[in-house]
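Okay, so chain A shows up in both of these, paired with chain B first and chain C after.
What follows is the complex of A and B.
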């Protein structure tokens, strides 16, 4: 419909990132220092400085996006720069190392940086993929409305089960209590409920199905028996008989059907709601890696710089 | 029979002030009040409500105190003043008729008593008296017609009569702690707001809520019960199945109020028009067309408390034969500073009426009121008064000198460079006022020019109450709309035939203006609202285009002499100017220019339509958005859900830049094909929120934003009137969360969080809504804060154009 952060200003930041990367590669290829390329040559320092500057700029994104009144570019532009310059970092930082890796603080900083960029890449993927799925799954119903609808279906189901008989009531109650919405981080990411609750629900439905079958099968027989009982009943028993006849099997069958329908609708809704929770979790989970890793990167980067200058 | 010099009807601010002043002067008087207490309208405000004293600049000259404050303080102070002045007030005295004239009036009360008076001052407001049941037992002590606090009752059986919002809200409030029966004369709750009628239906269906409804039932009678039972009475209902008897503790009837107009007319007072907003004409001394009968306060068109109190004072002075300089004279003198001789207010008023024909037919009082709400400018030669595409909607009258109107876009080379001079007495700016759209021309001041700029609201009030003003404004609009949209360069004479055939047609949202296949016999110039153009394609109606006010439709059939090629429907409540085909064709024959212009539009539309017909998806989006009321929007927030990561930074940005209160609810609102319409102000062409704002605090500024200024009194009318639910009541705070504190220590609120105000800032709620961040550079914060570019604010036209190009 319109411009996203990836296509912002006709890929301005992609073009800038490509230009910077190409420049870095060219300088690196052209430069032939004694002892081979490494971080200590002037090209190495240049690339290192450039990389550090980019990292600081990318970190500043977290500040800029919370400065709501700020006029320093749009947040979309900042995110666009964040993504493309972040990707360019892979090349710039790798060239800065001169492909010298080891078990030291320098390589830790490099590794952290790669981890941050990779988690960010997942973020870009998630941002492009899940919003559309989310809208499709919601079909215009908000999670709040889904939750309310589930609540109302549950209430109806319990009331109906209560009118069927005590054992049904118990089973439905237990089944409803078992099924979870949302849950811990892992449950949210999985987007489903524990297998246990799936099974409990399947059992309930199977039980209801079974009950219905038996009822339908013995419908005529029961009807006859009930009718006989009512005929035989004393007048003082008429009241009870009236109640029994009201709860006659035909109606019972209809109630069980309705109950199954309610439970089925509820289960679908719970699935959709969990799916929605999963989408939201997938959209956010990576930030719990991306942000702490970048803080760690900042620390490691500082240590790297201090170490380099201390041992100069 | 008692005889007084003045009988004052109604103890509102105006009546009280008049009565106290009469008492102060020792003039024999009586104040008749139908309620058992003073100032019933204010008395009925909710407990603790803050009452404002607008306009702040106007001095108070009443014998009783009035300052902005809580309802209780004000009422107590007034009661005190009534006692101190030994005012002769009679409560529970409902006046049923007023007959006679100056020197000999007879007022008949509901209990049959009569009062004779030489003069009558009518200050009964516009709220009307609460409608009673009109059945036996309607005045029993447990029958009431209002409910201040639903929580005051518990464990009672309460019958609520009525099906409107008040009845529903009362019933739902009471049912928390009582058994409630609601009695509805009809079989559904159609009179109430959707939310209310849904809530009541749900409560009726819910077995756990002790609420029952008698549909198609009316009250037959109410009897007191003294059988030792707990119940205070028995209600007999006429239901569709016969009579039903219900023992009750309490009955609350919420069946509306009787508008006072019929009563006022029965006293012989004339209203200038049938508009519901019309007020009776009164002289500068507040005298109506019935000699000796004076009208003051809201009924005379002055809804503000302070104005009404001043009038109460003044009217007694006038009756006593004294001249008073009205309280607003010093204010007017200030306004007139730019006019030579403006010091002499009466003379300047006369000069204005003499020079500006539009203002000639109005009364002195109306003129004063109108000018109080206006500004007088003396712009330097060449100064721009407003620009093309500005969003202001004030109207200007030329008191002296000349201005130059330059229609069309100055940057568009296709617009012909014409300019129309306007001279003394003429007015301009009415196009935006009527269409609700941006200015269609730039206006530049000439030499020695003095103009009066008046607000949209005061002119509309004038148009509703004075037929002459309305006619002048509308005729001029018609002519200028045709001149600017269809036939530039044609003189008034050239257009007289077409204008003569022009009629105004009104359409409700969804109505058909004309249908595909009809014979085309007219051109429809849209003067307010907007329409959609659709065509039947493959058995379905596909929307091809959206046409806003200011443009016209129906030219295709006239140019090509063929039946209508498409169906045109009103997208929102729409008014068109219908120009008859024959007269229009003649105009085209006489003026090849006009023909060429119309043909150009025709060709452009034809290609557009053909393009659109191949892209049904964008047509569907247009119809979806039109259903959401976007048709009346000027700038709407849309979210592309394929990009929206649901981070809610838009809401945070809004709260952060607006005192911790977000005016945007991202999640709410419908979605179609990834286009989501969140709950956020659309800055309607004719803002519903502006309708009943007592302090006139809602404005639109030149860039189009509709905003609420600081004079908001928190009455909540705009919140109720907004059909899109985008106004909320909130308290802004000056607190600013610190980003670094939060970032580094995790203490304090995150920037963008919804904040509660500090104690000393108070918690008085005001209406808040989107103001498009008019005080920030760079445009709406919500859009600028969106990291992915999902949020955008656009005018519907721009959006429809965009969606047309895209797929």
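What follows is the complex of A and C.
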């Protein structure tokens, strides 16, 4: 049976984290140091040492997960420990501060740590939520395949539009220009396409629809006119020419229908692709905070420890 | 307008291949139709897509002829002005305006890209990484920023500048210490918490106290200012054996722990030694204290005075447990109960009701009582007068040897002046009869008067000293002999000022109570009664530091640490001899 990193080994790391947290809280509550609780008492040093060790362990996860040959526990086990010990760290580090905060490197380190843990917490949420939605949205089609299909549909659409007439070609070109697949960081996170491109597409479809309706409406009239002309035709040559010109409006109607079909399929595909891009962005964005902030935390933690002992 | 159209046919490592064509036209048309000046085969280009015409000396106006527009330098527009160096994108083709060779007004380099397989030309980045987001860059930036400001700058500051001295002259000039490091935060970023108010004036200069990096603050930094702070005990051996001689100031005085000052009030700082004094000091007679509740505090020892036979040091004080009937010998007769009688006590002005405050006045600080003095506290009732005809004339206090000479002088003057009528007994005529001031007395008269005066002086002195006045409060010793008549002496009096030398007590916070709640003066009939309260009396209200049923009292509420008189914290050598 599949087990996630959260339930790994029957919640082994959750239990360990709870035990460590409960121990820290108990020691903190029991200890009544002179001058009130702070990082400089023996309990303070103990909690600080424990917290620093956990931070280094959590940072090492970044190394371990890249070492495919390593046998030091499974990556899933490491991730499970990473998540639960990271959450325990909030309690341990807060107790280490003794609730003393200020405008200094020590509180910077604490704030960075909290930011890293909170971004990681979002990561846990994202990993529980988005992969399921992504699978449902993709229905087995990879984003690259979607992109290729969109490209092919667009190629077909411009070719077809070119064969209808120049104005249709221009309309389709404008519509494709506003297609808005992916985009910048914010556009990807927002996921939904800009209103402008939705409107442009709706307008294009409305124009094609209108064109089609006009053509269909005039089809009978044209047929009648052509029939009259054929009746008055004096030669076979003229009749064939008449046949050809009669075929023209019918063909146009079919082409417009096909074009509309192509554009509709493309639009749906673009929506699905953008949805997929949004899922991936939401699934990854936290890492762009989690990782740089954790590296900054390493610097702040080093500065914190050096500062404490340099100015003992 | 003469134009050069250069078409890139091949682009590889080996080089770029071109075809070039000249056009002479006022307006340059761009599109997919075959009649266009600049022909682009890409289906994403309209038949008549745009036109380019000269606009100014070096600019050309580009006008789209189709609603899908044109991109100039990446921006989609319907019309715009382009110059040499600009890039025009139409569909998948790129048109660059390059410097025109001599004779040409315009040169365009055209590159028609083949469509990437399946990549629609309008698609933007489809992943965060492709959108330009990176972890590594940010990580390095933040690492260097935090590490630089938090570690690099302070360490450089320590390395570059010498530790400053705390100089009281700093009050006269604005503090500039640590500049320019402080502009970047400097070691001030390491400040672990608010400094105490007394020390904040040099708080900007961390190294005033943290003189050596990676070394705990030593006492040298403290005694730079606090050299005369008394040490804890008088006994050098005790200071050594207990470890107090080597103790760091900062082990009790925690800095960077709030603005409220450095005097720690926790009793644990005292009881860690005093709970089991024998542990650190084997054989010590220091008694065990763990608090102030019940039996956790030893009985008070009151300083009680006794007289000695030694004339030079007639008194001797010893500390005696307070939980027993204590008697002292202070050389005075004083019954408290008579003085505090509810219906009053006889005084020269009739009955007078006294209370404690009639004699016992707090000192200026409100802590102890002013010493009892005869002149201010007794004399208004216990008058030292001697002559009924002159009730306001008084003898000096505490000068028994001067009483007789003063009386002799006084009565000699009275006798020689005459007119003394108070004495109904044996006063001679010359003493009793009034006469004009200038009257000369003859020899006999003078002898009779002075004889009477000498006898009268002795009589009055005996009465005052031995019966009426002095003996009310004092023992009196009389010595006869010699030719000068009797002499009296009064043994010295010692009123104890400091009853509990190891503790501090202030009356000020206790003014809500009656004096007799602690001092049973109203029931004391003798001055030998010691009226000081014992521990139990205090414990009726005061309890342990964590007590919730009594006033929670800490060691420091009654005791101090720096109470020694012999050694100071600054001269630790003294504690090491």
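Brief remarks follow.
Keep this in mind: the second predicted complex is superposed on the first by the 286 of 312 C-alpha atoms of A that agree within 3 Å, B and C clash if a C-alpha of one lies under 4 Å from a C-alpha of the other, contacts with A are read in each partner's own complex, and residues count from 1 in each chain.
Convention: a residue touches a chain if its C-beta (ideal position, glycine included) is under 8 Å from a C-beta of that chain, and two chains touch if they have at least 3 such contacts.
Predicted model, so just to flag it, every value in this text is computed and none were measured.
Bringing the complexes onto one copy of chain A puts chain B beside chain C with no clash. Looking at the shared chain after the overlay, A:131 reaches chain B, while chain C stays out of its contact range. In the superposed model, A:185 makes contact with chain C only, not with chain B.
Aligning the two complexes via chain A yields an angle of 130° at the C-alpha centre of chain A, spanning the centres of chain B and chain C, rounded to a multiple of 10.
Once chain A of one complex is fitted onto chain A of the other, the partner contacts of A:280 extend to both chain B and chain C. Partner contacting the larger number of chain A residues, of chain B and chain C: C. Contacts of A:4 after superposition: chain B is touched, whereas chain C is not reached. In the superposed pair of complexes, A:176 makes contact with chain C only, with no contact to chain B.
Across the superposed structures, the minimum distance from chain B to chain C, using CA atoms, reads 8 Å. Residue overlap on chain A between the chain B contacts of one complex and the chain C contacts of the other covers 144, 280. Residues of chain A that touch chain B in their complex: 1-5, 8, 62-63, 65-69, 71, 74-76, 78-79, 126-127, 130-132, 134-135, 138, 140, 142, 144, 280, 283.
On chain C, the positions that touch chain A within their shared complex are 43-48, 66-69, 76, 91, 115, 117-128, 130-135, 138-147, 149-151, 154-155, 158, 187-194, 206, 210, 213-217, 252, 254, 257-258, 264, 266, 268-269. Residues of chain A that touch chain C in their complex: 34-36, 38-40, 100, 102, 104-106, 108, 112, 143-144, 147-152, 154-155, 158-159, 162, 166, 169-171, 173-174, 176-185, 187-188, 273, 277, 280-281, 284-285, 287-288, 291-293, 295-296, 298-300, 302-304, 306-312. Note for the complex: chain B touches chain A at residues 640-646, 649, 652-653, 656-657, 667-668, 670-671, 674-676, 739, 743, 750-752, 776-778, 781, 783-790, 792, 802-803, 806.
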